Structures are given as structure tokens and as C-alpha cells.
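As written, the chains take the letters A, B and C, and residue 1 is the first residue of each chain.
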Amino acid sequence: MWAYAGRRLLLAAPTLLGASIIVFAMVHLAPGDPIAAVMPAESSQAEIEATKKAYGFDKPLPVQYLVWLGRVAQGDLGRSIATRRPVILDVRDALANSLVLALSSSLLAFLLGIALGLLAAFRQGRWLDKTASAIAVVGVSVPHYWAGIILIIVFSVQLSWLPAMGASQDGGVLDYLRHITLPTVALALIPLGVITRVVRSAALDVLNQEFVLALRAKGLAARRVFAHVVKNSAPQILTVLGLQFGFQLGGSVLVEAVFSWPGTGYLLNLAIFQRDMPVLQGVILVLATFFVLLNLAVDLLQTLVDPRIARH
Amino acid sequence: MAVTTALPGELEAPALAPMSYWRTVAWRLGRDPATLAAGGALVAIALAALLAPWLAPYDPDAGSIRARLAAVGSAGHLLGTDEQGRDMLSRLLWGGRMTLVAGLTPVLVAFLLGTALGVLAGYVGGLTSTLVMRTMDIFYAFPSVLLAIAISGALGPGLANTLISLSIVFVPRVVRVAESATVQVKSLEYIAAARASGAGVAAIVRHHLLANVLGPILVFSSTQVSLSIILAAGLSFLGLGVTPPAAEWGLMLNTLRQSIYVNAIVPALPGVAIFVTSMAFNLLSDGLRDAMEIRG
Amino acid sequence: MSAGPLLQARGLRKHFPLRGGVLQRARAWVRAVDGVSFDVRPTETVGIVGESGCGKSTLARLVLRLIEPDAGTVTFDGEDVLGAPPPRLKRLRRDMQLVFQDPYASLNPRLTIEDAVAFGLLVHGTPRAVARERARALLGRVGLDPRLYGRRYAHELSGGQRQRVNIARALVLDPRLLVLDEPVSALDKSVQAQVLNLLADLKAERALTYVFISHDLDVIEHVSDRVLVMYLGEVVETGTADELARAPKHPYTQALFASAPTMDPDRRMERPPLAGDPPNPIDPPSGCRFRTRCAFAMPRCAEAPPAPRPLGVGHEVACYLYDAEPAAFIRARTS
């Protein structure tokens, strides 16, 4: 078990390194001179050269990469071109907001998804299954940013029940909850669909195995069969839960854009619009790191649930 | 079906003509109502997009501010007009082309490239496999939306860049499926039998491996199309994909967003189109997966 | 054709690594085949018998070079098999073929059975039409009417029919040696008899040489001229089928033949002659690997593995009981 953990950790390192290379390369792949974004248009050649040296753009690429990597490792993600504030501060605040949104959305999607999936599996073929499966297909097919817009139209514009934009103004908990409701629902739709389908499929696989048939034939109470199915399909379910949480953290970009929710997605959107490369790099790097660590945690959790996995 | 027992344990062959695997798949597809409906819908959408130049009543880029945000069903505009007075029906039809191209092309590229890489890694194994799979892992470190944004952000907007960026998102996924399927098939005895006959790697891959591996890869790829459509539209929504004034469903959603306070229905229409297309692809891929299961 | 053995194997060894730990190092080794040597003369049938896990299937694949051995040599009709470069190996493959055990996994589900049989010919350059004709002819010879079965797929056939297809596929290249890895083990008894008869007929018609691997003693006794008994990767006794059936010498062979269920009430036994489970090929016992289950084990058996000793013409045993010292021999037999 520890050998498996050690191996996965070892594998994560080059993955993160490779991801950092991609993030770093983004700046230099982008069309246009990165300097031009920083300097006013009428700068003299001497001023441009000076800024180049200050930012270290005159050194060869691999050296620039190592310098950047070194700074990142110490927590320095540079300064935003637009606001001049340290990127790490903006990212930290935004990350907190995104995490809250992702967590609440995950809670909704996980609980509802598992419930629907298990319901569909245990009532396979009956109308409950068909309904749950239909909900799942709809969830998976709906573009979540569009769903957000629809929710705004219905609940904010027409009914005026819930606010459409931003986080709470006055800082109260109730107001915060009101603000987070619509984005949560919008973000939860696709994961809800995916989780329902995976749970249903995993539970059905276990239910159709012969030993379950044998258990049922022996008259094992429905509750115990249920617990048994849940235990055996747990590994697959865990994997998809982890993946979907990652999706919600990374994919919140679009929903946050719709609702102006001040999270990493919102920051990302702004950075794209303003061509603010340091912020763009910082956000993507932090999110990618989060994702890799999240996958690692899910893998390790898997081995606790299903010891067979660790043996290879 | 006549059964005459000539010897114990061995039945005479039934007199029906045998169906090849793909014919069986096609036959099963034709029997599932949901799949048929989805297939029909997709054909309709594809035709509408293809025939847009002839079906669209107006030029999709032409509009006057005076006619802006006409409601659905208003005179001369069946589906209303957008915030610049352009006819919605025409823009939706033309937008279908963009969206379908942006949805299908990356998946097609991923299917071809991913299968090639995955089969290579799976069959050859060893260092090649490690290299390929670890490289794919690096791309897996990013959630798909983020990766698409990162690459598009670097490359810039435009249809071509969107296609490249989305292809990069999907290739690692297909590679994983292809490698896993190849490793499984490789260990089966008929592969060993082919080697015992003296066949080289190329002959084995072509005659024995590919046919048995393409099934799961095809099913998986079909499930990615709807995601590709949603991502492509999403990128345009963020300003990273197709640029204005092009008609693309995601872009239309974005530009119409502010107008929801004026007219609720027209801004929702492009999303409906994305939703219906995406759902049709999902139902079709579900049907394909069920039809391709080997039974018996 | 030379008068010497058609197939010669010397000192074949294959150990599979078991990897573990952070760096996936080899922690232990499965000693699947350890120093196996045997000869096969033209047109004879050599049977290889042993329990599951004794290395029979690995041996089959080593001889045909489907797996590369760690050590040893294999010579076919005087030619070195293991060192042959690819073009010569491909030619050698025509002469040595393998019939697999699992009739379900050994046929490509996507090919019609006539295509599956014809594939070998296509690989060696035969034009497609000719290959298909010969495949169909061969299907007819093994008892499957090509007009009824040719265009069918593997999943439409029964187990016995699939094995016939396997045999046809192995024969399409006109090999001289056929290695059969448990060819009838997955079939019902009645079907087994038919397939075995078919194999006997084919052998006579085409002057084939067989290496027949099985865990089923009855079958081995029935088909073999000579028999090799394997235990945990080593050969413990070789001899003619008759000798081994009548008077087995190695304690393991004795136990094997004694434990075969029989209808004869005089030969039935109350207690099983072998105690314990077959040990793990990962860490086999030191010295003679059978000593942990042997009723006659001596202290000497733990020190070094016994070398095969001749006991008569063509009869060899690897057991210290048959050493030169008659006193120890008698003492052991009566203790």
C-alpha cells in the first residue's frame, strides 16, 4: 500500500513538471510580443530593452523557465500586468470562492447523482429507472453556461426570487447562500448526469454478478444486499466523484462568467480579456496542481476501499 | 431452425445465413427507438446546416439596429432577431455548420491519432509505452475546460485554433482507451496463434488487433462529441473561439446575454440548439455502445 | 529427413519476475521451467503430464519460441530455433505449430472461420483465393463442412467445433510437428473422444509428430508413445506410456497414477496418496522440489536436486531413491 502511494507520488512529480512547462510555454506561444502588453505604445527602444532585462526576457528560454520555476516554488507568481498586485494574492482569494462553489455544487451533484443512480439500478427497467436515466442524459447534454442563463431568466428576471450576479454584498450568510444557489445548480448539472450514469452502471454490474444472485436466493435482506452493492461499486464511484470535482473546479470558468462569481474562473476570464499573462499562468498552474493532487488523493483513497488495486 | 443431433454434444448448424459483426450492430441500432430518434434528429440538423445557404431566409451578417430583438414569431422573422437586428433563424442555420465542424473534427482527429498512438503503446509496450502514456498523463493533469482555455489562450481565437486546442484535449483520452483495449486483446490466444503462424507485427495489428480494438474506441469517441460541441461553444462564449461577426451558437449565447432583460426567449435559442444536438449525440452513442456489446 | 530426433530441447529455463515496491523491482521469481531437456523422434507422440502450474504450457511456448527462454537450446531437424533470425524463424514456423487449449479465446471473433484458417497461408505469401480453397478443404477434412461452416463466426460454433477449427488452422501450413497444449481439456468427454480420434487419423495420414500436453492421465496414456512427467518446472520421470502406467518409479508419478479415479474396485484407494497442496513455483523447496509431499523423503533430498538417472532403455528418473546405494534404497522403501 505504501509502495503504491510512493510510486504514485513519484509519478505525480514529472506530471506537474510537464504541466508547468506547458503553462510556461503558453506565454511564448501567444502571438504578439509579451513586452508590448506591458509597455505603453510610444516607449523608446532603450526603455523596451531596459524592461526586457528587468523581466529577464533577454535570457535564453530554458533559463527563463528555470528562473520562473524557482520563483513559483517559493510562492511568487509574479505581478498582474493590469492591477500590479501580486498574482498569488488574487489567486488565493479567487480560489477560496471557487472552492466554495465547487464544494456546494459537488455536494448537490454527488448526493443526488448517487441517489438517482442507485435508484435506477435497483429498479432497472421500470419507470423509475427510465426517469432517472432520462434526467441523467439531459444533465450530461446540457451546456451548463446556457443552463445558468436560463436559470437567471427564470429565477432572477421573471420571478425575482434569487440574485443573478456576484457574491453577496452585505456579507451575511443568508445573502451569500442566496447568491450561490443558482451558480451551484448550473454547475451541478453535468456532473449530476455523469455520476448518475456511472453509479447506475457500476451498481448494475455488481447486481448482475452471480454471487449477488446467490445472496438473494439465500434470502439476504434487501438492506444487506444494498450495502453489499454499494461497497463493491465504491471504487468506480469514487473515481468518477474525484474526476467530477476536478471538472467543477476547472470548469467553473464558464458558470462564473455567466454569474460574475468572483472565483478563479472569473479571474481567468478577466485575464484572457486583458491579455494578462502572469495572472493567466498563475491561475492555470494553481488549478492544474490542485487537480493532480486531487487525482492522487482519489487514487490513494481507492486503495483503501479496494485493496486489489494496489497490488499491481 | 432445424436441429438434427448427429453426435452427442454437437448440433447441426442452423440453416440461417450468418450475419457479420457490423451488420449485427447496424441491425440492433435500427431496433432501438431512442437511437433512431436521435439519429433522425442528427440527420435533420446536419442537413439543415449543410443546406444553410439555401434554407436561410436572410444573410446571417446583415441586420439593422431598428429591427433588433424582435420577438419569436414576429413578422418576417420566425425566430426573432438578435441584438444587432440579424435574423435568428438564418444565424442558427449557419451557426450549425460551425458548431458541427467544431464538434466533430477534434473528435475525428483524436480518434485517428489517438488510436494510432494507443495501439502503438499498447502493442509494443516497454519504453515506447511509458513515454507515450506519461506524456498523455501531463495533459490529463488539466481539467478539459482548463486545457482548452490554456491552449486557446496561447494560440488566440479563430476556428482553426479552436480545432487544434480541442484536438489536444481529446487525444489523450482516446489514447488511454486505445492502449487499454490493445493490452487486453494482445494477451488473448488468437494473437499468440497468429504469431505462431509467423505473422509480423504489421500483419497482426492489421488483421487481428484493429478489428477487435476499434469497437470500444469508437464507442468512447462517440461519447466525446457532445462534450466537444459544448466546449467549442463554451470557448466562443468566452471570446476564445470563433470571432464575431461569425454565427456560432456559443458566440451567439454570449452576445445575447445582456439582452435577457429585454426579451427572454431569443437569447435562449442558441443554447437550445446546442442542447438538442448534444443530447442527440449522447443518445446515439449510448445506442451504439449497447449495440456493439458482444453477446453469445 | 535425418534419423535423429526431430525436436531437441536442452536445459530450457524460464523465470518470470514478480515486481513490487516503489521502483517495481523484481522481488521474487516464478520458476516456471527449470532446466528441462527432452527429445522427440519423428512420428512419435510425446506426452507431457503434470498438475496445473507445473510449467507445461510455458514449456510449449518456449519450444515454439513464442516466449524467449532465459537459457537453453531448441533444435528442430538440426536447425537452431532460438538463435534463428526473423526470416529463418518465419520459415521454421511453418514446420512447428501449436494447438491451443482454450477453444474460445483462440479464435479471432471478427474473422470467419475460413479466413481464420487461411490467415497462416496469407502470411507466407499464398494468394488469397488459393489460401481460401485450401482452408476450406482442410475444414472439410476435420469434419466441418465448409459450405455450412466456412462463413460462420467463432461464437456460432460449439467447443468441439472450435477445436476442430484450431486443428485445421494448425495444419494449414503443412507442419511436421504439432504441439498440442491441453487440446481436449475444455471439452465434454464424448467430444474429447471424437477430437482425439481425429488427431490420431491426421497423424497417420500426414506422418506428423506430436507433443501432447495434458493434465489428464487417461488421455495421456491413450495417445502417447513416451511420456514426460513434470513437477514444478522440472521433469521428474520419462519413459514409455506402458512402463509408467504399469510400474511408475518416481514417487510423484506413482501418486499421479494411483490417484486416477478408477472403476475397478480392487484398485480403488481410501486415502489420497498425495498430501497437501501443490507448492508455489515462486519459492520452490530446495533440492528436490517434490520432497515436501513425498512419502519417502530423505535428508539428502533437501540438499541438491537429483539429476535424471537412466533406469532402462529410454526410461529416466530424477530421484535419489534410485541411486547406486541399494542399502539406502531398501531402507527408504521399507521405512
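Please note the rule applied: a residue touches a chain if its C-beta (ideal position, glycine included) is under 8 Å from a C-beta of that chain, and two chains touch if they have at least 3 such contacts.
Only a predicted model underlies this, so the values are computations on that prediction, with no experimental measurement involved.
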| item | value |
| --- | --- |
| Pair joined by more contacting C-beta pairs (B-C or A-B) | A-B |
| Chain whose Cα centroid lies at the greatest distance from that of subunit B | C |
| Centre-most chain, if every chain is reduced to its averaged C-alpha atoms | B |
| Euclidean distance of C-alpha centroids - subunit A vs subunit C, Å | 55 |
| Euclidean distance of C-alpha centroids - subunit B vs subunit C, Å | 49 |
| Centre-to-centre distance between subunit B and subunit A (centres being mean Cα positions), rounded to whole Å | 22 |
| Residues on subunit A engaged by subunit B in the complex (per definition of touch) | 11, 14-16, 18-19, 22-23, 25-27, 29-31, 137-138, 140-147, 149-150, 152-153, 157-158, 246-247, 249-251, 253-254, 257-258, 268-269, 272-273, 280, 284, 287-288, 291-292 |
| Residue ranges of subunit B touching subunit C (in the complex, touch as defined) | 7-11, 13, 18, 20-21, 188-190, 192-200, 203, 207-208, 211-212, 294, 296 |
| Residues on subunit B engaged by subunit A in the complex (per definition of touch) | 134-135, 137-146, 149-151, 153-156, 226, 230, 233-234, 237-240, 250, 253, 257, 260-261, 264, 267-268, 270-271, 274-275, 278-279, 281-283, 286 |
| Complex contact set, residues of subunit C against subunit B | 61, 64, 66, 86, 89-91, 93-94, 97-98, 100-102, 105-111, 116, 119-120, 123-124, 148-149, 151-153, 155-156, 158, 160-161, 166, 169, 173, 188, 190-191, 194 |
